[in-house]
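Each remark here refers to the structure printed beneath this line.
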Amino acid sequence: MSLLKTTDVIKRFGGLTAVNKMNFVLEEGQIASIIGPNGAGKTTFFNTLTGIYKPEEGAIEFNGHSLVGLRPDQVAERGIARTFQNIRLFGSMTVIENILVGMHTQLKQRGTDALFRTKAFHKEEAEAEAKARELMDYVGLKNVGNELARNLPYGGQRRIEIARALAANPTLILLDEPTAGMNPNETEEAIKLFRRIRDEKGITVLLIEHDMRVVMNISERISVMDYGEKIAEGTPAQIRSNQRVIEAYLGREAAAAQA
Amino acid sequence: SSSGGGEAKLIKIATQSPLSGGQSLLGVDIKNGAQLALEQLSGPLTEMGFTVKLEPYDDQATPDVGVANAKAIVADPAILCGVGHLNSGVMIPSSEEYHVAGLAFVSPANTNPVVTTRGYAEVNRIVGRDDVQAPVAEAYAFNELGARSVYIIHDKTAYGQGVAEFFRGAAEKDGMNVMGFEGTEETANFDAIITPMLAANPDVVFFSGIYNQAGVFFKQARDAGYEGTFMGTDGMDASGLADLAGDALVKGGGMVYTSVAGPASAYPKAAKFAEDFKAKFGADPQPFAAQGYDAAAVCLKAIENAAKAAGNQVPTREAVRDAIRALTLEGITGTISFDSIGDLPKAKYFIIKVNATSGAEWGKNEIVAELEFASPGMGE
Amino acid sequence: MRKFFSNLYTSINKEPWSYIVTFGLMLIGSALVYMVPRSLMAFLVLMLAPAALYFLKMNNRIKLFAGLLLAVVILPVLGVRNIFYLEVIFQICVFAALALGLNIVIGLAGLLDLGYVAFYAVGAYTWAFFGSKQMSLLYSVPGAAPANAPFFLENPDWFWFFIFLGIGLAALAGILLGLPVLRLRGDYLAIVTLGFGEVIRVLALNLDKPINITNGPQGITPIQRPNLSPDLLNAIRLVLEPLVGHSVTDAQFYNVFFYFLALIIIIVAVVVARRLEDSRIGRAWTAIREDETAAIAMGIPLVRMKLMAFAAGASFAGAMGVIYAANRTFVSPETFSFLQSIGVLTMVILGGLGSIPGVIVGAAVVVFLNIQVLQTFSLYLSSLRQSDAVIPIINFAWKNLSTQLDPAKYQKLIFGVILVIMMIFRPEGLIPAERRKRELVGEKEE
Amino acid sequence: MGKILEVENVHSYYGHIHALKGISLYVEEGEIVSLIGANGAGKSTTLRTISGLLHPRHGTIKLDGKDITHLEPHLVVAAGVGHVPEGRGIFPKLTVRENLEMGAFTIDDPAKNAARMEQVFELFPRLRERIDQYGGTLSGGEQQMLAIGRGLMQHPRILMLDEPSMGLAPVLVELIFDIIQKLNKEGVTILLIEQNAQMALSIAHRGYVLQTGAIVLTDSAEKLKKNEMVKKTYLGIE
Amino acid sequence: MNRQGSVMKQLTSNPIYKFVLFPIGQILAFILGAGITLSVLVILLAYIFRGSVSNLDLVERTLAILPKVLIDGITIGFVYATIALGYTMVYGVLEFINFSHSEIFMVGGVVGVELLRYLETQGSLAGMNQYVVIALAILLGMVISGSLAVTVERVAYRPLRGAPRLVPLISAIGMSFFLQDAVRLILGLTTGEFNVILPKFGTFDDFQVFNFPGLAAPVQIQNKTILLVAVTVVMLVGLNYLVNGTKVGKAIRAVAQDRPTASLMGINVNLIISITFLIGGSLGGAAGVLFALKVTRLDPFVGFFPGLKAFTAAVLGGIGNLTGALLGGIVLGLLESFGASYLGIFTQGAFGAEYKDILAFAILIAILIFRPSGLLGQTVGQKA
């Protein structure tokens, strides 16, 4: 059974069909990418998966259960974590607090525990903080735990977002242009990080990217969208040589550079 | 608990009323009335070597502030007597403090029965009670005007609603048809109340509240075509009413109101008061300004009596408190004395017909009936 | 200027100065108030003591001891000597509790609530109804109550139970209000809560018919107070009366009693607010405030968390409402006007949105301004007017000041100006929340 | 050819954060100058300081020799400086057309504006397809196109671009760099920030390297491309 | 399909249609819609309760006052609407509740009435054309209130740009207290009291009588109501044009959405904000004079409740949307009027006019539940 499977998903905005009959399958443990021209519907597809938008038609199955009609928090609870194209951190919370918020679904404490500061509460908080620090290390953030998230530079904020998503202990992580605004060196490190997330934590990774160095480098499978539809799918090598993809998306030079 | 002494020979009288905010119109003039009294009547005390001062407190028409002020007042040993409040809602909790401290207060405006029915020795008032004033007005409407249907409107204050309820009770007893009973906090646009009222077309519209609300209502109701008689309570006793309502007061069935204080013609002193007041403060006195004056007069006289009894020493609060109850005084609003719970034993009620169409003509109003009623005491 | 103060602060914020200053203030303040009980300055000096206690570095045990000494011994003694101070402090406590509750709703969860006193009203009217004679007056016209009606509850000690009932009912009201409207954002929520506040007030004003539940504008009185054990009181008298210097009546004891009660509520409120803030729930609230979409994508159930904030905030107000009704033995709709809600909001923001010590200080400042500083100031001016004093240089006799310029009438004006000035010069509040402070220090951390 | 823009010893702060620690740079008329640097180096802050969104605490900024250090942004714009900001700054509740019109706010020449808009649509046909859609609902890349298009509508003499290729599909990245060169040929001076330093330096005349708020290196683009440190840190070439 | 589309497009881009006909059409549609809905509702209720209550003429009584109730509702609705326009203007740009707008409105009214009183003492009031007089009063109110609003912005709000959202709110509340008492002070010093009473002049109090076939009694509308409606509609049309059809309007909208970027477009943000306050304030001033004409008495505290209602109306209509503000006002006015007039009749006096606010707020909540951003507000969701 595949981890995620969508059948004929349609999402419209007024007259515009942003996602059109998307059939998409993701196997557990894969690293896969979605690429496509600007405005192809990639982000909208993510939003439909995570419950921010309700699809007009179609089915979404995750782990064998339907996600259609669930609220975003319920989707998150079922094990899908995400980052956003335009970074959305809790700017005036510290880095650690951001990650702790990511752990929301993982913590067992209830209001009464918090009020009476039970042993279990203290234990859980201590563990959570330790885990948060671990995650900071994991994504390569050092000594910024008490810094306000908004005061970090762009690259650092991207890392917090990933750490926050990981904190939810997800089965699947959705990354929307995670390396945008990073320089080549930072991108290099990010690629390594995505690999480790899959290899060490066993989390399935699905990402949207425009940086072909990332996409071609780590994807086991690439799906290409254009005008809401999936126009191609395959391994990096297949996609690189797909004429339609070259024309609509890669451009001659880029294709040449990658070849 | 507290005794006189403190600073040598200094005596203070406190006032508490709203000096800021929307109700300050009346509150300020209570204070001004008291101030005028102090200036005109503190002579005997000054001659005895006392310095008399007024301490005006602003209760902001809110119970919290009133109570806090009350505690500040009782904590000042120089204060021997007080004048206030405007709102029964502030008076009732504040007077708990006066009661504990044995500090006498004379209310110039609170007509809510509860103010005195608690039986506190410290609480007095020089105005009538809702449960008397209203039946007087009703009797006049039923017997003299021959009204058989009435529409009652009040201002949703303890005062206005209290009078209105008693009016309704009396009207129902007489078999009058009470066609409507509405409370409203509106001060500007009365359309929504006037429309059903017009449809019912009652013989009399009884408005219990304060003139600056009622005046606007009367004008709008007349403009809309109401032809019957307007009636009101002592809250209407202000020249401003005629400024606001203009000829709406004399058109159709005209307008009458009840009052505990007659107009100038009933009390020569009142005319002089109005003159002095205007000279000093630059404006006509509002309702309850004269009562403020009289309340302060009661305080001064009682302090004087108590001080004499104490051999020209600053008297105790308890002595002043008891002196008030023993007192009889010719005030500008009538003869003042108190029964065992602090009410006027017999209050005079006037029915006054309005002939004025502007504030300047307010003196043209005439007394059409003069009645005296005993206080109903502690309860039914 | 600013530099001078920060230098001063650093130089006294170390041993032994911190101890000397704090205890010095306590000692001098107490002595001053004891000797001149009506002096505003004396009281202000005394009030600096808790501030010093809070700000200066000292051994925590000693801090606790000093705090207890101040709250349990000094203030009650001085308060009984001058009952007004106890009232000031009681009101500060009442409003601080309200401000703490509102702070949860606005400061933590970011939901602008303009009708907060509605919950206070729920608490107050709950006890007012059951703790009075209102039950037997259900069918009588307001104002015409028979004086001999019995109290509904024979034993006023039910009061203790009603504190909890008040908490419960207020929280329930919070949830009922929240359910339909929490989908709304920002100012839409503000206007609906404002409406709700008005609805509760209008109900209090009008539910005297068809059945007389609230007694309308007349308000409900008398309301019972819990019993105080006479033996206990006599025992305390033995110690207290010599300290105070005069005999202490039962009524004065009640003042002390309510002061302690309010103090306890404040302490509970602070602890609850602190603990909630420092937990999964508090973090979820902050996250919602910062970015709802991101928060919900992290698995935070928006509606449930917001309802929780409403309920938690409301419950403090409910408890305080019950205590308030018993303290005043009277409630009427005037106490629950829209302006009160605005007042509490002002305290929260003036003190520092989201900051627990901040909102307490905010409450203290506003109460102080309202019932002491401005009052005293205008009394002073009005006594000038009654005296023969003359302004020296321009040779202007106070007596001739137009009565229209009577300062007593312009407290609100002054208050308004103070609000504007405070916001301009200290927009982050008197004691900004840690979060905001950190933001300002920024790079210095770690 | 003279110095159109001169920045001298500029210090900028965000509250207490000292973001620019004495930046000095200049741009000559007709040049393409590129700023490169790691995340948080202060590149965007430099542009914000030039356009007046942020006022420096010390230092001066001159345009054509005239001091513009303390001018408000709208006056800097009026003097001919265009700024396509980081994060795009799209007006979310204005349509695509209105957003573009905002770019030409200070230019009262309807015919010329219409012609410019037509040019923008030719460059980015996608924008024409979305012409009546609200800016806030565009996809990330579409917003980026819109931001650049709006910059073009401004007719600036000097155009400052903050990471214009971010979030764009590879075809469009090529296009953007073409556009920049074409504009430059038409006489527009360009100050460019790019993470894609390789491409930036290949079209630029000169470049500056920023590190934690200070300029650590400046040279012609050619030489910078060959500089070991630049190669290692910013071009990803070991 | 396509041709039709382009015809529509042509029509909608015609300024007369866009700024005059369309909004007026919307207002008419809403007045009719809300009026008819409510009327049908009360008539139905009257029939249902006819038998169950003692007075048998319930249906007749309901019908007898219905036209008047409708007119009352629309009148007060337009009063709210005029104030709401000013709120919405300022909210649209700064996204904050300008609490002191109530006072700016009050000042406009007071100034207008003082002018009339001055003319009266000069003896020239009676001799002048009533429309010239009222136009003068409105103009003066607009000038004073507009400049006051600009000053208030300068002093109390501008220093707070960039502070958290609630800070200017508190500053506005402070300003509101200040203005109330400042006006009281000035009035007190000059006239000795603070009631401001409109002198009687012209024929504004008279009624226009309309006879409709089928109605028992003629419908009467006061002249001042007609004036109020006319001026408000003119204000709306002008404003709509200004905001949506001019360059200044576009700048206002840009500043509202993103101040730094707006400044990068060459827009003088401070100037635009001042202009917005000027417009909002002068609308408030005009509203104040019209309000004074309607109710005949003002005092320094009179702005508070209408201000609150107007803000509610603005929210109901979809805050930031001008036509919405007007519609919100009308809907609120109608609800209040129906509530106040019929609650008492239907419940036999058990619940009366005093519950009108509760009814209005209940319906406000209901509307917001179904349209969380108001009647005409659109949700332009930021993308995730």
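Which chain is which? They are A, B, C, D and E, in the order written, and residues in each are numbered from 1.
The criterion applied here is as follows: contacts are C-beta pairs under 8 Å (C-beta built on N, C-alpha and C of every residue); 3 or more make two chains touch, one makes a residue touch a chain.
These numbers come from a predicted model, not from an experiment.
Ranked by distance of CA centroids from chain E, the top chain is A. Taking B-E and C-E together, the chain pair joined by more C-beta contacts is C-E. Note on chain placement: the centre of chain A and the centre of chain B lie 73 Å apart, centres being C-alpha means. The geometric centre of chain A is 29 Å away from that of chain D, both derived from CA atoms. One simple way to say how far apart two chains are is to compare their mean CA positions; for chain A and chain C this gives 47 Å. Mean C-alpha position of chain D lies 45 Å from that of chain E.
Shared contact sites, meaning residues of chain A that touch two or more other chains, fall at 43, 52, 84-86, 88, 151. Residue positions of chain E with contacts to 2 or more other chains are 181, 184, 192, 354, 382-384. Those residues of chain C in touch with two or more other chains are numbered 205-206, 293, 297, 402, 404, 409-410, 412-413, 439, 442-443. Residue ranges of chain C in contact with chain E, taken from their complex: 106, 112, 180-181, 183-185, 187-188, 190-192, 194-196, 198-199, 202-203, 205-206, 209-210, 293, 297, 338, 342, 345-346, 349-350, 353, 402, 404-405, 409-410, 412-413, 415-420, 423-424, 427-428.
Looking at the complex, you find that chain E touches chain C at residues 91, 95, 97, 155-156, 159-160, 163-164, 166-171, 173-182, 184-185, 188-189, 192, 308, 311-312, 315, 319, 350-351, 354-355, 357-358, 361-362, 364-365, 368-369, 372-374, 382, 384. Those residues of chain D that touch chain A in the complex are listed here as 17, 36, 38-41, 87, 126, 130, 133, 137-142, 144-145, 163, 166-174, 195, 197-198, 233-236.
Within the complex, the chain A residues that touch chain D are 13, 16, 35-40, 42-44, 85-86, 151-156, 177, 180-188, 210, 212, 248-251, 253-254.
Only residues 61, 64-65, 68-69, 72, 75-76, 79, 181, 184, 191-195, 197, 200, 205, 222, 291, 294-297, 299, 301-302, 305-306, 336-337, 339-341, 344-345, 349, 352-354, 356 of chain E touch chain B when the two sit together in their complex.
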